[in-house]
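Paired with chain B in one complex and with chain C in the other, chain A is shared by the two complexes that follow.
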Partner chain A sequence: MNISIGKEEEIYLIGIEGDLDASSCINLDKAISEAVSAGEKKILIDCTNLNYISSAGLGVFMSYIQDFENNKISMVLFNLSKKVKNVFQILGLDELIQIVDSKEAAKTLINES
Partner chain B sequence: MNHKLRIACTKESLKEIRRFVTQTLTDLHLPEIEVNMLVLAVDEICANRIIHSNNCDENLHLNLLISETCDGLTFEISDLGAPFDHTQYSEPDINQLVKEKRKGGLGLMLVNRIMDSIEVFKEKDHTVYRLFKKLTIC
Partner chain C sequence: MSVKGYFKLYLIISIVSWLALVIGDLLTLYSLSHVFDFYLTDFWRNVLLTSFFLFTFLLFKINIGQKKSSNFIEMLWQVFIFGATTILISLLVKFMLFLFGTPVFKKNLLFNNLIYHFNIALVTVFLANGFYVWKKMILYQKSKQLNMIWLVFELLALLSMLTNFAYFDIFNFKIYLYAIPLFLFGMILSFNLKWVAFLNYKQKWQSILLIVLIIVIGFTFLQQIYEQHFGTILIIDLAQNLFIGGVSSFILLNCFSALLVLLFNLPTSSVFEQKFGEVMIFQKLSQSIQLGNKEDEVHEILIDSSLSTIFANAGWLEIVDEKGNFKAFINKGISEIDVFEIKKVLRKNHFNIDNQPQYIKDAKSLEHSERIQKLPFKSLLIIPLYSHKQKLGTLVLLKNETDGFDKEMVDIICSFVSQASIAIKNFRLIDEAVATERYQEELKIAKEVQKSLLPQSLIFNINLQITAFTKAADEVGGDYYDFYEYSDKKIAMVIGDVSGNGTSAAFTMAQMKGVFQSLVQTGIPPDEFMVQANKALGRGLEKSSFITLTFLSIDTENQTIEIARAGHCPALFFNSHTGEISYLKSKGLGLGIIRNKDYSKHIEKKKISYNKGDILILYTDGIIEATNELGEEFGFDKLKNLLYIHHGLNTKEISNLILEKFYEFTGTQALHDDYTFLIIKFV
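Moving on to the complex of A and B:
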């Protein structure tokens, strides 16, 4: 799995490529943790090239929900494939984490929050 | 038809396990979402066994057997690690996991949602997880 980091104006962009599983989830955890430590308030997760996610990957996102709420940080995931989005839906995590279809929609949503 | 895989107990093996399950299911022409869910359920049990019961010891092995019958698919995962008592498992509340900032606790929830039955038993010196998914194959 590869993680790319970018910045667009005041938005912190994390791109995930490949499989997010028990072996690779530590890399995503590190990327989000670094964004939080740097004081980022708007985090977009580009899932265009995310091929697979297991509970370990879901767990990384889940573990930040409370901190994001407490520290007024917004995170939006965009461009998930149907099979990846389905994994979030199985446990209802799509209701706790903001997921939209496109980067444009993600930017609009995060700039409104 | 039976399909077998024997693989070392390392986290890096998970990708190969997923590739094997995906390839095995290809001939059944199932929807991509269905295949992904079955791959996920097997991946979750294998990850648990590799990490928690075999301490990622590359000298230990995990066996995966996939059997097709007319009424569905059976996935048997076996290894020499200690069994996890599935009967004592009670599903956590997801809101509580969020509040506690937990990363774990979702794997078995996913498996329970995806599979129609889960059995855990000892066979000689092996712990066996038998997952069954009802599907009309024939």
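Moving on to the complex of A and C:
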């Protein structure tokens, strides 16, 4: 799995590529926690190339839900494959995490909040 | 009688003999010049003297015979200390006489003889001590023959006491008849100096010093004896005593021969010892694992041995772990800051200290060496530690001279380094094996726990046909299912999956079982069950862990199912009346994801009616997400189609079919998750 980090204006952009499983989820956790400690308020996660997400990967997103709420940080995931989106939906995470279909939609959403 | 008993007896006899001798002799002398009649006959005087000699010697025979034989220095030291003390005492007496004695007093016969008797005691004890110490040294690693020679010699020596009764003159030729064989045996014995070979260089010097001192002491005694032999009228004169003469010449002879051998041995011994020391270091390095040492100790041994073997002035050792990260650093004779400066100079000069041993004859002549000019070090030897092409670290040794390392030194250090590298590598392999073993052991326990949490048998209900299948992956996962029977008309069922795996998953599962078993008995509806379970589990769960769960209660009397889904894969339901097949999707968030009151907003209950012939399949994501070699998932559709085609079969047959197709699909791919399913057919 590869993590790419970019910055577009006020938006912190994390791209995930490959399989997000028990061994690779530490890298994602590191990327998000770095963003949080740097004081980033708008985080976009690009899931275009995210092939698979395991429960450990879901656990990473899940563990930040409360933190983000407390610190008024918004996070939007975009461009999830049907398979990956389904995993979020089954677990019910789609009700807690903002998931949209495109980067534009994600940007719009995050700038509104 | 015990050895101690003999010791005491001999001690008493020897003291009593000496006291009797002193008193008797003094009284005899006193009666010469006074009107007093006491006369100790020569015969009795010799009896007492001989008894004193004999028992003093026997005393030391026991005393020294008990001592461990290998500590030669200590034995020599004992002889020396004893002799030195006695000499000191007699010198002190002489000095006191010199200061306070009147000439009349000095010439007093009685007084002189008293002093002389003290001298006899001191000399005898010194000789007895020396005699048996040499016995111990001579007989070190003895042969049978040597032992025999000694026995004869000892007997002859002790027998020579009897000449006390014979009044030989020292110039009488008869004395030589006896003295010559004694001397010859003593001579033969004095060539047995095996003990010298077991001394190291330092010990040899110590021995030489001690022996020289012992010789000086021995001569001082002899000098005293002869001084008085010529100076005063003596009632007993040791100067003409064959026994005393024989023993003291034996001791002196041995001292001289040992001295010579020691001196000749000195030059070669340092080379021999260095080689021996090197061998010992090898052994130390290679044995460090068996001895249960730590890797750190190998580092210490390596740098200490290297420094001392080639007399380097300073050095440092860097050790890295498998990933090349710093693991240990030891500096000796050089500060960390200086190490840093030297490394900087090496880097600037593009020395590649990672691969080949490097030798720098004069570091101060390098470029950019301004900042190390003030340091005393000049030549540098840099040797990397390698094992199977993996770098383990670097050893750097420094000397204050330019070109201070010769080829032999470099060779020996290289072999130390390779030996240490092997030891370090072995330590790491052992650590790894231990960790793996511990992990395997943990997994085994976790698997046992997990197995014991699943129901041992399925419940029996006349209206239900149930088949369950579960298989744990290599690493323990967290699939869980359970039943509860309210009555013969109402049962509850649960299937779940704990995120993560290993031991923590097994224990979360154990918690899950506890929560299920206690909540289910209250008879609460499925959605309320989830809210309560979320509350109970949320407290103990790790921040990033969660549990997915499907809970359902089946009422066989009214033919209804109440079901709630907390993030778990939706149940698959086949309606035999309409022929419809669908996943029972409902809103439902996994347990432990949000741990506050809001959870109730994210869960809902679904109620469906069923008919006979309907089928419900509960399963975990291990079934859906299993991949084939192309990376495709087994998926929801395949499961759905399988049930659709085979709904006419009984649950056992459906189970077998699903497994057959499942394994056909995954092929030889290793499965990373547990997979579990429950098939319920309403009959």
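Quick note on the criterion: the second predicted complex is superposed on the first by the 113 of 113 C-alpha atoms of A that agree within 3 Å, B and C clash if a C-alpha of one lies under 4 Å from a C-alpha of the other, contacts with A are read in each partner's own complex, and residues count from 1 in each chain.
The rule is simple: contacts are C-beta pairs under 8 Å (C-beta built on N, C-alpha and C of every residue); 3 or more make two chains touch, one makes a residue touch a chain.
Predicted, not measured: the structure shown is a model, and the values here were computed from it.
A.B. asks: Spot which of chain B and chain C makes contact with more residues of chain A, would you?
C.D. replies: The partner that reaches more residues of chain A in the superposed model: B.
A.B. asks: Report for A:V60: first if it touches chain B alone, second if chain C alone, otherwise both or neither.
C.D. replies: both
A.B. asks: Name the contact category of A:A22: first (chain B only), second (chain C only), both, or neither.
C.D. replies: both
A.B. asks: Which holds for A:I3: it touches chain B only (first), chain C only (second), both, or neither?
C.D. replies: Touch partners of A:I3: none, neither chain B nor chain C.
A.B. asks: Can A:L109 be said to touch chain B (first), chain C (second), both, or neither?
C.D. replies: It touches nothing on chain B or chain C.
A.B. asks: In the superposed arrangement, which partner chain does A:G92 touch: chain B (first), chain C (second), both, or neither?
C.D. replies: The answer is both, since A:G92 touches chain B and chain C.
A.B. asks: If we overlay the two complexes on their shared chain A, which of chain B and chain C does A:K83 touch? Say first, second, both or neither.
C.D. replies: both
A.B. asks: So which bits of chain A does chain B touch that chain C touches too?
C.D. replies: 22, 29, 52, 55-56, 58-60, 62-63, 65-66, 83, 90-93, 96
A.B. asks: Tell me, which parts of chain C touch chain A in their complex?
C.D. replies: 497, 499-501, 543-546, 548, 566-570, 587-590, 593-594, 602, 621, 625, 631, 633
A.B. asks: Which positions of chain B touch chain A when the two form their complex?
C.D. replies: 11-12, 14-15, 18, 32-33, 36-37, 39-40, 43-44, 47, 50-51, 94, 97-99, 101-107, 109-110, 113-114
A.B. asks: How about chain A: which of its residues touch chain B in the complex?
C.D. replies: 19, 21-23, 25, 29, 52, 54-56, 58-60, 62-67, 82-83, 86-87, 90-93, 96
A.B. asks: In the complex, go through chain A and note every residue touching chain C.
C.D. replies: 22, 29, 51-52, 55-56, 58-60, 62-63, 65-66, 83, 90-93, 95-96
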